[in-house]
Amino acid sequence: MSSDIYVAVEQRDGEIARVSLELIGEAKRLASELGQKAYAMLLGDNIKGKAKELIEYGADGVIFVEDPMLAEYATEPYAKAVSAVINECSPEIVLFGATSIGRDLAPRVAARVGTGLTADCTRLDLDFSNYVEYASKNTNLDTSALAPGDADAGLMQTRPAFGGNIMATILCKTRPQMASVRPGVMKMAERDAARVGEIREMNVGFSPEDMNVAIKEVVRETHKTTDIADAKCLVSGGRGIGGPEFFGKLKELAELLGGDFSSSRANVDAGWAPKDRQVGQTGKTVRPELYLACGISGAIQHVAGMEGSDFIIAINKNEDAAIFEVADLGIVGDVRAIVPKLIEAVAKYKAKAEGIMKGDTDAIQDF
Amino acid sequence: MKIVVCIKQVPDTSEVKLDSKTGRLMREGVPSIINPDDKSGIEAALRIKEETGGSVAVVSMGPPQADFALREALAMGCDEAYLITAKEFAGSDTFATAKILAGALGKIGFDLIITGRQAIDGDTAQVGPQIAENLNIPQVSYVEDIEVNGCALTVKRQFEDRYHILEVKTPCLLTALSELAPPRYMHVRGTVEAYEKEVQTLGFEDLAGTFDPSCIGLAGSPTSVYKSFGKKPKGAGEMHKNLSADEAVSLIISKMAERHII
Amino acid sequence: MDFKLSKQHLLQQKLYRDFAEAEIRPIAQEMDETETFSMDLLGKLHKYGLMGIPFSRAYGGSGGDYLGFSLCMEEVSKIDGATGLTMSVHSLACSCIDNFGTEEQKQRFLRPLVDGSKTGCFGLTEPNAGSDAAGQQSKAVLYHDKYTINGTKIFTTNSGFADTFVMFAMTDKSKGIRGISAFLVEKGAPGLAVGPNIRRMGVRASSNCEVSYENVEVPASNRLGKEGDGFKIAMKALDGGRIGIAAQAVGLAQGALNEAVKYAKERKQFGKRISSFQSSQFKIADLQTRIDAARLMTHRAAAARDNGENYSSHAAMAKLFASRMANDVCRECVQLMGGYGYCREYPVERALRDAKITEIYEGTSEVMQMVIAGAMKVF
C-alpha cells in the first residue's frame, strides 16, 4: 500500500486536457502535505511522448498504457486499464477530471475496485488546519465545533450539492479515495522543463472482447472547441441584453479585452448562445481575472459557476438583482447603453496605452 | 424489448432557496419532481416501445413517497412500476445504491436499462455506470440519440468537443441527457389508470441474495457526508445606482486599469 | 370529512399545472392581444385528454370526474381565462350528449368530442333570449324524419372552430320552455353560417360568434332526448357547467394574487418592499382567505356531483360566490400593483377583464340567486 496520489490523465487526439494538468498541480500540492508523490496515469495509443509534459507540470512519475483500443475514449478498455493500475499500485488517492469522460470512467472504476467516489469536487484538503481555515473564512460552518480527531479522516472532498445551493464535505472510508474535480477549479503548476521523473509502461493484457461497443463514427465539432474556462476575461450576457444580436457587441468588447464571451443559462436555452458558452451549475465553472456580467440577474446556479472570478463587474437595470451580491463593482444601468460606450472607451484607452509604449508624446500628454 | 428506466424523485432544486440569514436550505414547499434527465429517459423508452414494441418498466429507489413519481411515469405510459424501499437501504451512497438497484434489476429482468445522466440534487452521474458495472454489462453515458436495430442499438454519445456514433448490443445500460427526448405530459386517462395499476414494492427481504448486505445502507457506504454548509456571502463590493452611461464607463475603465486588466 | 385531494387528483393537478405553465403561459398574452385562440394549443388540450376529463373511458374519454375537471379549470384559468372558457363550453356540449344521448348518438357524437378528435360548442342564447331561455325564437320543424332548423344564436363560444354544435330550438312554441328541443348539428351543414368574432372586454382569445341557421336540415336521429326535453337538457348541462365556471373564477383570482404577491415581494417603495407593509400583508391575507372559501365551495359542488348527490344549489352558490370574489380579488390585485398592475405587460389587468364574464355567463349572478332561493323554497 502506497500513500501516493494518482491522476487519471485525459487526452483527446493525443492532446492532454487542461483539467489533467490542473489535477497534477493539485496532486503535487496534496502529495507534499502527505510527504508522498504525485503520479500520472496516461492512457492512449502512441501516447508515451506526452509523458514528459506531465512531469514538467509537476508529476513525480508517469505510468502509461498504450493500445490502439485507447485511441478514442471507450468505457471498458479505459476502465480496465485504470483498474489495473490501481490494483497494482494501490494509491491512496485517485483524481479524475469531472468531464464527460471522467464522469463516465470514474464511477465504473470505483465500482470495480470497490471504493467510494466523490463527484465534481471544487476543493480537496488533506491538511485539516487548511480545511478549518477555508471553512471559517468562506462558509457558515461552525468550525469551533469540529472534533480534533477529524484531522485523521483522510481526504476532505468538498463539492457543491443541491444545484449549488449548499456545499458538502465528503469523506471516504475505503482506499483509494477517489474524486472527480471540476475543470477550472484547481491551479496548474508552472511548467518546468528541467523537471525529471520516472516514466514506466504498464501492460494491461487487453483482449478484443474488452471493446464492447463499436465506435462507428467520431465527429469533432469545431465550434465546440472554445473553452470559456481558459479565458482570462469573460464578458457574459444574460436576458437583460435584449436579444441574440447583442452578443456581437459583447464579443467585440471581449476581444478588445483579450478574452471571450459567455452566457447565462436562459440565453442558451433561448438559443441566443451555444451551450459551450454557458456559465454555471449545468454549464462551466470559470474563474477569469475579470468577469463582466451584462444583464445577468444572478440565479444561484449561475453564481455557482463564476463566483471564483478574481474581479466581478455587474451591470443590471434591476438594483435588486442577486448578481450585485457577488459583484465587486455593481452598476445599476442599461447594459445596452453602457456596453457600446465601453467598447469605444476601452479601444481609446488601449490605443493611448500603446502610444505610450511607443513613446508617442501626444498620447502621454492626453493620458 | 424489455426496457427498464431508473428514476429518482428529487426536490426541484431551481425552487430551493437559501435563507440568507442562516445560510440554511429552505426546502419547505419545494415540489418533488421526477429528475429531468430521468424523465427524458422515460420518454426515450416510450418512443422505442411505440416504434418497436416491447414494454417499459420504471424503477425507483427511495422513501414510500417516491410512489408519486412512479405513478407519474405510469400516467405517461409506462407499463409497470417498482418501488425499492426499505429502512436498511436508507443512507446509501451511490456505490451502495447501485448495488441495490443492480440486485433489483437482475430480479425484474431487462434488455435495456436507461437512467438519467445525473440527478439535480446530487449531480454525481455515478449510479448509472455503477449499476452497469455491478451487472457486468456495457454502458454508454451522455446519450443524445438512440436508434434500435433488433438487439443492437446505435447511439449518439455526446462529449464536450465531439460526439461518437456507437453501436452497442443489448443487454446494456444507457444514461440519458435531457436533450435525448423532451418528455411528454401525462395523459389525463393515464392519471386515472396510474392508480388502478399496482406499484410493486421490493423490500430488503425481496432482494435477499442479490447483493452483499454489508455493502448497503449508511454503514455499508464507503462515502459519508462529513459536513454540509452554505457559502459565506462575499464581502459587499461597491454599488452605484445613479450614474449616467458615460460616468459608468469611466468608472469601469478606471477599475480595470487599477487591476491591470487593460 | 376529508378536505385533502386524493393522490390521483394531486397527480392530475400536477399535469394541469405543468401543462398550463409550459403551454399556455408563453402565449396567453398574445392570444388575448390578437383575439385568437391557438389551434396548436387546442390540439394539445385534446392530445393529453384535457378536453375529455369527466367522460367515460367507454366512449374514449379520460375517465376522470368533475373534481378533476374543476382542478383543471382552476389551473388553466390561473394562467388564462380564455382557455378555461374554451374547455368549459366544449365540456358543456359533451355533457348534453353524455346525459341524454342514445348509445348510437354517444358513439357517433360524444366519442370524437372526448377522445381528442373534435371540438364542441353550445348554442342556447339568442339576441332576444338570454336569461329567459323560454324566449327562444329558433324553430325546428319535423317533416319526413328530418328537422329543418331556422334561427340565430349569439355568443356561441367555440363556434369559430367547433365541429359539433349542440343547439336548441322550439319544436312547439305553444308549450313555452317545454317546447324546446336539443339538436346536434355538424360543421359544414348547408345553411349553417358562423359570423365574425364578437369583440369583447375579456376572455378575448376565445372564439365567440353569432351563428345563423337557415333551413339547416338534420335527421331526426340528431335530436337529443325527446321533443320538448331541450330546456331540461340545457339546464342540467349548465348546472354542471357552473362548477367549472366557479373553478375558473377561483383560478383567475389565484393567478392574479400570485402575480401581485410576487410583485409585492420585489417592488420597493419608500425604501421597503411593498410586501413588508402590514397594510399589504392584511390585504393579501384577506384575498387569499376569500379565494380559499370559493375553492372549498367549488370542490364541494364537484364532489357532490361525483357522488351522485343533488348539486344544483351547491353549484349555483359556488359560482355566485366565486365569480364575485374573482372580480373583487382581481381588482384589488391591480390596485396592489399600482400603475404596473394596470399595464398590459402584466397579466393582472387581463385577469380583471376576464373575471367580469364569470358573473354573467352560464347563468348570471341573478339567475344563481333564483336557483338558490328556489332550492330554499323561498317563493
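We call the chains A, B and C, going by the order they appear; numbering starts again at 1 in every chain.
Here is the rule we go by: a residue touches a chain if its C-beta (ideal position, glycine included) is under 8 Å from a C-beta of that chain, and two chains touch if they have at least 3 such contacts.
If you're wondering where the values come from, they're calculated on a predicted model, not measured in any experiment.
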Review point. Looking at C-alpha means, what's the farthest chain from chain A?
Key: C
Study note, to complete from the structure: Min distance from chain CA centroid to global CA centroid: chain B
Review point. In whole angstrom, how far does the Cα centroid of chain A sit from the Cα centroid of chain C?
Key: 55
Revision key, fill the gap. Whole-angstrom distance, CA centroid of chain A to CA centroid of chain B, is 23
Review point. How far is the middle of chain B from the middle of chain C, if each middle is the mean of its Cα atoms, in Å?
Key: 39
Point to revise | Residues of chain B engaged with two or more neighbouring chains | key: none
Revision key, fill the gap. Counting only contacts in the complex, chain B reaches chain C at residues 67-68, 71-72, 75, 184-195
Practice item. Flag every residue of chain B that touches chain A in the complex, lowest number first. Key: 11, 13-14, 16-18, 22-23, 25, 93-95, 98, 118, 120-130, 132-134, 138-142, 154, 158-168, 221-234, 236-243, 245-246, 248-253, 255-257, 259, 261-262
Review point. Any idea which chain A residues touch chain B in the complex?
Key: 12, 72-73, 75-76, 79, 99-101, 103-104, 106-108, 110-112, 115-120, 135, 137-141, 146, 150, 153, 156, 160-163, 165-174, 212-221, 224-225, 233, 257, 276, 281, 289-290, 300-301, 307, 310-313, 315, 319, 324-334, 337-338, 341-342, 345-346, 349-350, 353
**Study point:** Residues of chain C touching chain B in the complex
**Key:** 7-8, 10-12, 14-15, 18-19, 48-50, 52-53, 57, 61-64, 68, 72
